[in-house]
Amino acid sequence: MTKVLVTGFNPFNHEKINPAIEAVKLLPDEIAGCEIVKLQLPTSYLESEKKLKTAVEKEDPDFLLNVGQAGGRACLTPELVAINYDDCPIADNSGDKREGQAIDPEGPAAYFTQLPVKDMVKAIKEAGIPAEVSTTAGCFVCNHVMYYAQSLRKEHPGMQAGFVHIPFLPEQVVKRPNTPSMPLDTAVAGLKAAIRAFLLKAD
Amino acid sequence: MTKVLVTGFNPFNHEKINPAIEAVKLLPDEIAGCEIVKLQLPTSYLESEKKLKTAVEKEDPDFLLNVGQAGGRACLTPELVAINYDDCPIADNSGDKREGQAIDPEGPAAYFTQLPVKDMVKAIKEAGIPAEVSTTAGCFVCNHVMYYAQSLRKEHPGMQAGFVHIPFLPEQVVKRPNTPSMPLDTAVAGLKAAIRAFLLKAD
Amino acid sequence: MTKVLVTGFNPFNHEKINPAIEAVKLLPDEIAGCEIVKLQLPTSYLESEKKLKTAVEKEDPDFLLNVGQAGGRACLTPELVAINYDDCPIADNSGDKREGQAIDPEGPAAYFTQLPVKDMVKAIKEAGIPAEVSTTAGCFVCNHVMYYAQSLRKEHPGMQAGFVHIPFLPEQVVKRPNTPSMPLDTAVAGLKAAIRAFLLKAD
Amino acid sequence: MTKVLVTGFNPFNHEKINPAIEAVKLLPDEIAGCEIVKLQLPTSYLESEKKLKTAVEKEDPDFLLNVGQAGGRACLTPELVAINYDDCPIADNSGDKREGQAIDPEGPAAYFTQLPVKDMVKAIKEAGIPAEVSTTAGCFVCNHVMYYAQSLRKEHPGMQAGFVHIPFLPEQVVKRPNTPSMPLDTAVAGLKAAIRAFLLKAD
């Protein structure tokens, strides 16, 4: 049975909730006849690596989808590419603050996702939910995990990996004027459409 | 029994749906022990006047809440004030295009709402839904109806009237990049919180 | 000789500069054969009233144009209307914090400007500078002064009065990511085009 | 004498002007004691390659800075990275429309710039002009040229290359409501600060 490992981050930067892990928890255990395995990742450069590596080794998934929060974006954004660069003015949940350093000094400048981002966007839109391909996953833990996931393909070459960013929840923008948001069930419906899209494409 | 007349507009400007009337339809028939009467208004300067006048005369409501779509806004916006001015580059559904003319040449420059917009915003936010007081309802049919509703208070001085704008639906922004949206059930929950707020305030 | 009194506010809310008074200072002393008299106003509900009243009595201008900063806007915005309402989460420069009170309890709900805002926008755009009519001057000292200026027309019925908001300067947004700005000389050129437009219209 | 080759694109997508080449033309012929050589590039995937290659071979510059327009951005954005991917819903000036294809099927997924983008941003801001590091140059001809420029370093390993995006001009946004802009002289001052920054850093 085809297996999809889907991860979501825990809250960071003084937020009490992270829509990414909340949305992942609400995914069904099966989509398009494939098994969905769910995993929470810490918003930490190094801790997320450890936890992701262990899970990939244990589950040996056919697909890996990391989900993260992109505060300020108005729609779901499948990510095209991860770059070899950590840089953020805020520290991660382990207190690790990085300023322009390589994720892997020996690694390539970037990795493209194996997931069909344009098909995913098309499927999300057909479900009535706004989506766009993004060409930057930022330079914080989201991009880091997307990059690191690709490096795990050396040991798991059959695994296709990718990333989807989701907006703030409505309750997160109550104190942020003029900021777009998306409720959890809308984000979940969009993720389901995206997962179904890459599973059907791979058939 | 206290009665609230809630109106929503039909679609305009090539849209197939207007979240305003769809949200209004989904309101319960009773909120906080008060009766909710629902009415669809045409997006037409003159036709909306006729239909609203007839309904107010028939129902003689204690409260009148008009609901309209404000494409591009990210949150629910109770309106503070309506101005005596029609002006829009697009025509209404009756083909009526207005360029800077008074709604009522004998009327005041503006009317403030009787509804407690700050309490409504507070209540919507407490329900986890973003909201802000707006100081402009624009110059199209929304502002026109909000202004006209106030003029009906001459014959119905006990009636308190106001307006709430709601964002595009997600399916409306699928073809509008970087545009905020709000699903129908979120808008409905916000409207319920707003209505409850002005009913409780009036007690 | 036709006389135009042009005012600009001093800095507020921890800013070191206010583009409004800086732009006003750079206006020529004559536009389209008319005299331009310049005045700085304090960003204070009450102090601005006093200073404006004294100047209008002394100068008895044919035109009064108040200029203020609208941080976050991307273009010049001639204001259509001022409302009878003071409300702002920040205090003015006199420490006066107002929460939803009338400017003049006996005054009308709003005053429309006498200036031809559509002609002003057209003239500014023809000068290659972005502009739009605004239907809200907010609820802080800008709207307050625009409203108060209209009330001075009781004593000066021949005076035409209005308001133009201008964006942040580039140096003000250096610490505000993703915020539009407009350099001083561009704002000044836009103001000149706007003033010329209402002077020519009045001819 | 240290030599800097600075390029700017010609207009595209129905625009009559491209601020990139206009800003480049206004740069001085010498900055910080270094020679500035200017070149216009066509907004064409293939033609820009040819013209850039010829110029780099002829001039053998120590630094190469490509400048392009990023409509909708509010500040100057030095680019961190170029990705191996062409994709745009509009065709280039040669009628070449690309949908998700590699720039160089044998090339790396991305190239990082050699220019010190953080120092450049700091210098631009110190000049009172807003700037931010960007992590995506898009997928159109700008990113293409930035990627291609890096590939020229195989033959010119001493050349440091990078890219800066500049906003629309004010006259370009006259018909685009709510869109940020930056006048030419502000963009030119920012580019000068950026060039000075990488020249001084390299000393």
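Labels for the chains are A, B, C and D, by order of writing; each one numbers its residues from 1.
By our rule, a residue touches a chain if its C-beta (ideal position, glycine included) is under 8 Å from a C-beta of that chain, and two chains touch if they have at least 3 such contacts.
Remember, predicted model here, so these are calculated numbers, not experimental data.
Asker: Identify the chains adjacent to both chain A and chain B in the sense defined at the top.
Answerer: Expected: no chain.
Asker: Based on mean C-alpha positions, I'd like to know which chain lies farthest from chain A.
Answerer: Taking each chain's C-alpha mean as its centre, the farthest from chain A is C.
Asker: So the centre of each chain is just the mean of its C-alpha atoms; given that, what is the distance between chain A and chain D in Å?
Answerer: About 30 Å, centre to centre.
Asker: How big is the gap, in whole Å, between where the Cα atoms of chain C centre and where those of chain D centre?
Answerer: Taking the average C-alpha coordinate of chain C and of chain D, the gap between them is 38 Å.
Asker: Just curious, how far off is chain D from chain B if you go by their C-alpha centres, in Å?
Answerer: Whole-Å distance between the two chain centres: 47.
Asker: Could you list which residues of chain B touch at least two other chains?
Answerer: Chain B, residues with two or more chain partners: not present.
Asker: Once you draw an edge for every pair of touching chains, what topology comes out, line, ring, star, complete or other?
Answerer: ring
Asker: Considering the complex alone, what residue numbers of chain C touch chain D?
Answerer: Where chain C meets chain D, its residues are 74-75, 125, 128-132, 169-171, 173-174, 176-183, 185-186.
Asker: Taking the touch rule as given, give the residues of chain C at its contact with chain B in the complex, in rising order.
Answerer: Chain C residues touching chain B: 80-81, 83-85, 100, 108-112, 118, 135-136, 138-139.
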